[in-house]
Amino acid sequence: MGLIKKLPVYTEKMPGGGIVMTSLEAALHNAQAKSLWYLLFGTACCAIELMCTGASRYDFDRLGMIFRATPRQADLIIAAGTITKKMAPRLRLLYDQMAEPRYVIAMGGCTIKGGPFYYDSYSVEKGIDHIIPVDVYIPGCPPRPESLLEGCITLQEKIKKQSLLDWQEKD
Amino acid sequence: MTFPVAVLELYPLFRWLSGVLESFGFSANTVLIISYAVLGVIMFSALSIIALFLVWWERKIAAHMQQRFGPMRHGWHGWYQTIMDAIKLLQKEDVRVASRDKIVYFWAPVICFVAAYLAYIVMPWGKNLIVADFNIGILYIMAVTTFTVIALLMAGWGSNNKYALLGGMRSAAQVVSYEIPMVASILTVILFVGSMSMVDIVTSQSGWIFNWFIFKLPFGPIAFVTYLIAATAEANRTPFDIPEAEQELVAGFNIEYSGMKFAMFFLAEFINMFTVSALAATLFLGGWNGWSFIPSWAWFLMKTFGVVFLMMLIRWTYPRLRVDQLMEFAWKFLVPVTFANLILAAVIKYAGWHW
Amino acid sequence: MSDLRTEEYYLNMGPHHPSTHGVCRMVLKMDGEKVKEIEPHIGYLHRSIEKICENRTYAQCIPILDRFEYVTAMSCNYVFALAAERLASIEVPERAEHIRVIMLELNRIASHLLFYGVTAMDIGALTPFLYGLRERESILDLFEMTCGQRLTYNYIRVGGVSRDLPNGFIPKCHEALNTIEKKLADYEGLLNENPIWLVRTVGIGVLPAKVALDYGVSGPCLRASGVQYDLRRNDPYSIYDRFEFDIPVRHNGDCYDRYLLRLDEIRQSIHIVRQALDALPEGDFKAKVSPNFKPPAGEVYARIENSRGELGVHVISDGTKKPLRVKTRGASYNHIAVLPAFATDVLLADLVAIFATMDVIMPEVDR
Amino acid sequence: MDKDQLSAYLTDKSEGKLTLLEVGRHDPIFKVEASQLIEVCTWLRDDEQLKFDFLCNLSGVDTGEQFEVVYQLASTSKSLRVDIKVILPYDGAEIESVQKVWAAANWHEREMWELYGINVKNHGKLEFLLLPEDWDEGFPMRKDWDAPDFIRMPEF
Amino acid sequence: MQGGIGNMGIFKDIKALFSGMRITSKHLGRHAITLQYPEEKWEMPERSRGVVVLLSDKEDGSLNCTSCMLCMRACPTAAIVIDSPRDPETKKRNLKKFEIDFGLCCFCGLCEEACNFSAIKLATKYEFSSADKDSFLWDVNKLQEVGRDVDYIDTRKKKKVAPKKETTPAETKSPEKKPVDQKGENS
């Protein structure tokens, strides 16, 4: 994870490094939380609401979130819409292509459990947590733009609470 | 000791620095090198701050054009948003594609980044505020800014990705085409000034506002417009942003870059934009000339930011040209127009029909 | 020059690509930047809506079909309700018919505004995208006020609509229409005459009328090719025959015509909504339909003109409360199928423009 | 031509190849033998009075006892609509491709093949369209289809 | 290049380019229409369909639900699961389990329409994101808790205040609730 990853390891060994590390930790996670660039990934209905959220009325940019088309530069997948069995390997691939630290928001009922397509459907993946780890789920079909914004703020809070030590273990 | 750096405005600082260093018993050469290093750091930080500011500014302008707010939640109107972006990008994992061309892939962002900064050696920031005044200043700028295209081509090739390769190829074709009208319109200025030194170019436009080159009728405005078009293309901005056309090539040449390397490309793009704008301000808008109650560097920045604003306005208004239309526009329209303009200017200069 | 050889290669576009409007995947055989062959791969959003509908009652089918074509979910609701009404010969009250027309046309405007924005974005202009969505929000407000959702409405039911129009709907609707009409000038000013826009769209991706008919292309794409075929006139449903409106037709069949035609349609739709609002009668908004609605056995293919073209649903009833078969037909299905037939030998950037102006929406293709 | 005239015209002119079915609720539905399909379709498309040049839709149907294939045709110039139905046995269902008549049939037929298992002769490219490439669980739209992770909605 | 930048009348082109720029720069001066979400909130229209809640009696606070299972039958996604065995003595149903799975719910509002007892409603609340997938299975207590402060019109027959004709709440109550806090002109 970049250059800064190794920094905390050294700082902790220094005398008084604990204090430095805590403030460093806060600063780094703050930056992560405040600049979540999301991947332009949408499959179904939720993608339209994702677009609306990016548009003038709700404005993702306000939270510091801008879209990137390539997974390499994105921090966040907003899985907007139904993930089918045919699409699931592609979603996994996209997730694997992203650089750490990466986060996932599951938007809408389809991504939580299959939503309206849970019963009687032969081709829908019943929840994306079988494919990729999910950080925040947002219920709704599709969720309102406000719900999505609220989900993003929830994720930001979650990131800020992370500890650098979690990071080390994650690799 | 004699201090060779022509940063006269900063002269006291450097004299103090060399005094301190000499008292520690450093040799004159070491002092010189350290002074240059300090100057480099100052330059680098100033430019980085400017680039970060430009990113924020662009986001704000785009947002307000679209009746949004843009970054809003982090600081007053999100002023530290781009700093957060930068810190985050530094933390990101450096993904390296397994099938990359190792050397080329690694060096592409570095070259792009360094080339973007190199131009500022001869950029006249203000009265007596220039690192080095070469007598071929403008030629030097043209040379180093073209390094960018090599970097983009390297990025496209090294990533081993078809989209990236297409982006790299497009950028090469584009820069090669637009270099010619750009140079031709700059030549009109050089023709009149009779010198390639940046300082000479600026001082020749001093005095009255109509000494600015843009007001040299009839060829001045034409040269300015063609320069601006070519410069927009040079800086890879809409409507000429085909190397990273989001809708066609996903992200173009930087598709496989993440974290710091992407940040280098990203900052370099904005610094390039600043460079071409600064050049436009210097060549056509009188550089740091202006009423003396405002410092000269403020004039320079104001004019540059004005041109940057214009480029942003263009970017967020127009659609993107296609790659072959881009070439056609350069070769069939821009090149003839700039050369005709150059000849016109030469005739006027020879005949002495100008003031 | 003859000894210069180029090598053809394959480029995989999608399923995650910014300009495939969702999850279409196209395998392109390329020569440099030139697209030689296109092979669309679909099915990345195949949610088996048809299978699900076979195990739902008629009332329950409607929310599922909302997700079939979510940009104009009203017309999905409507077409299924229409099929069920035709199966059971249900008379729909006048007021309900008017409300339906208002909703369908408002949804058409919303969809075309989205088209405007997305097309502009695909061709590289980002600001029109946000302008288009801005006015779309005012229509979504109307929908939310009426039926409570922004996208998946579940509003039009078998026999009428689920709820009456709310108080204050009519003035607000007029206001929204006036704003959109005023803003159309801005939209046109941004793109219509813009030389960059013109070179990117005029003469690009010409779809000949014969090919279009052969491949079942319908709606604005067909009308831009010079075929005057609009189901609102040619196979009238609801009360469209009472309203005065034009069917815009253009003849070049290129991207520019497809784009202009949709802007014209926004105007016509505004005109229709105004007429419907003025003629709105008092009365019931729903016919009496039993909760255990069981149409007699039989089959029907109902089709309507939605913003993309012919939206059809083939419903077979076996006399029980669940349909035996529901087959949906979306216009985009044919719009993607026709791509290999006419969009070859274009540049990659043109393909994006063509794809955008065909106004494809993927769930309609994959179902 | 209104609907009754169209029905009369089709029964009259088709020389017994088309038989009117009772199930049609809005538009007439005609039954045609699978062996005469292409012939009838070509005639429907080319007849001066009909000109059914537009294939709206093509549905495969599993009624539980047999397969049906329904062609929904429309005429853009004459504003007509008619359905053509072919009834196929459950075993060895096979039908001729109508791509030569209407190119639009291509994907519909592919879809019918993969979802119902109705074989399409002379199609040219029978590959999976909607299902994943590695699908091996049979024909999901058949009424008796089942799979381990297929959950039917509980009946209340 | 058909048309072409050069041969289409360069002055017309320049005019068009400037008119585009004029429109965007005109917008630059206008006020944003953005809703600054966590600080400002839209007042939802009355019919807006957020989460499903169970309503309680306005007087004694008990659930309105009589566990008639109409909503469960109406649900197109089987998101509602009710278990209410009949008491063998009193012949009345006892609500044992009432669960709504928001991973399945499609917010269509059919349950609200099916209910004859003003017991279930789609409230105008929408902020329920969570990091826990299992938290979307709401039981009767949670549903009731969220629905406590939801205003509704009681249409049950046994109440005296209830109107004779069975109407949906939206018809009787004015839904004149515009999005508030909309700053600036919407143009």
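Chains: A, B, C, D and E, in written order; residue numbering restarts at 1 for each.
Following the convention adopted for this analysis, contacts are C-beta pairs under 8 Å (C-beta built on N, C-alpha and C of every residue); 3 or more make two chains touch, one makes a residue touch a chain.
Owing to the predicted nature of the structure, the values given are computational and were not obtained by experimental measurement.
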Output for shared partners of chain A and chain E reads B, C, D
Taking CA centroids for every chain, report which one is farthest away from chain B.
D
Report which of B-C and A-C is connected by more C-beta pairs in contact.
A-C
Identifier of the chain whose CA centre is least distant from the whole-structure CA centre
C
How far is the middle of chain C from the middle of chain E, if each middle is the mean of its Cα atoms, in Å?
25
Approximate Å spacing (C-alpha centroids) for the pair chain A, chain B
35
For the pair chain B and chain E, the C-alpha centroid-to-centroid distance in angstrom is 51
Quick check on chain D: which residues sit in contact with 2+ other chains?
130-132, 140, 152-154
Can you pull out the residues of chain E that are in contact with at least two other chains?
1, 4-5, 17, 20, 23-24, 32-34, 36, 76-78, 106-107
Shared interface positions of chain B, touching two or more other chains
63, 65-69, 72, 246, 250, 316-318, 324-325
Write out all the pairs of touching chains, ordered by chain label.
A-B, A-C, A-D, A-E, B-C, B-E, C-D, C-E, D-E
Which residues of chain C touch chain E once you look at their complex with the stated criterion?
56, 59-64, 66-67, 127, 134, 138, 141, 144-149, 152, 154, 162-164, 166-168, 172, 179, 182-183, 186, 189-191, 193-196, 198-199, 202-203, 291
Spell out the residues on chain E that touch chain D in their complex, using ranges where they run on.
69, 72-73, 77-78
Note which residues of chain D are touching chain A in the complex, please.
130-133, 137, 140, 145, 147, 149-154
Can you tell me which positions in chain D touch chain C when the two form their complex?
22-27, 29, 53-57, 59-63, 70, 72, 74, 76, 79, 81, 83, 102-104, 106-107, 128-132, 140-141, 152-153
Which stretch or stretches of chain E touch chain A in the complex?
32-38, 41-42, 50-51, 76-78, 101-107, 126-133, 136
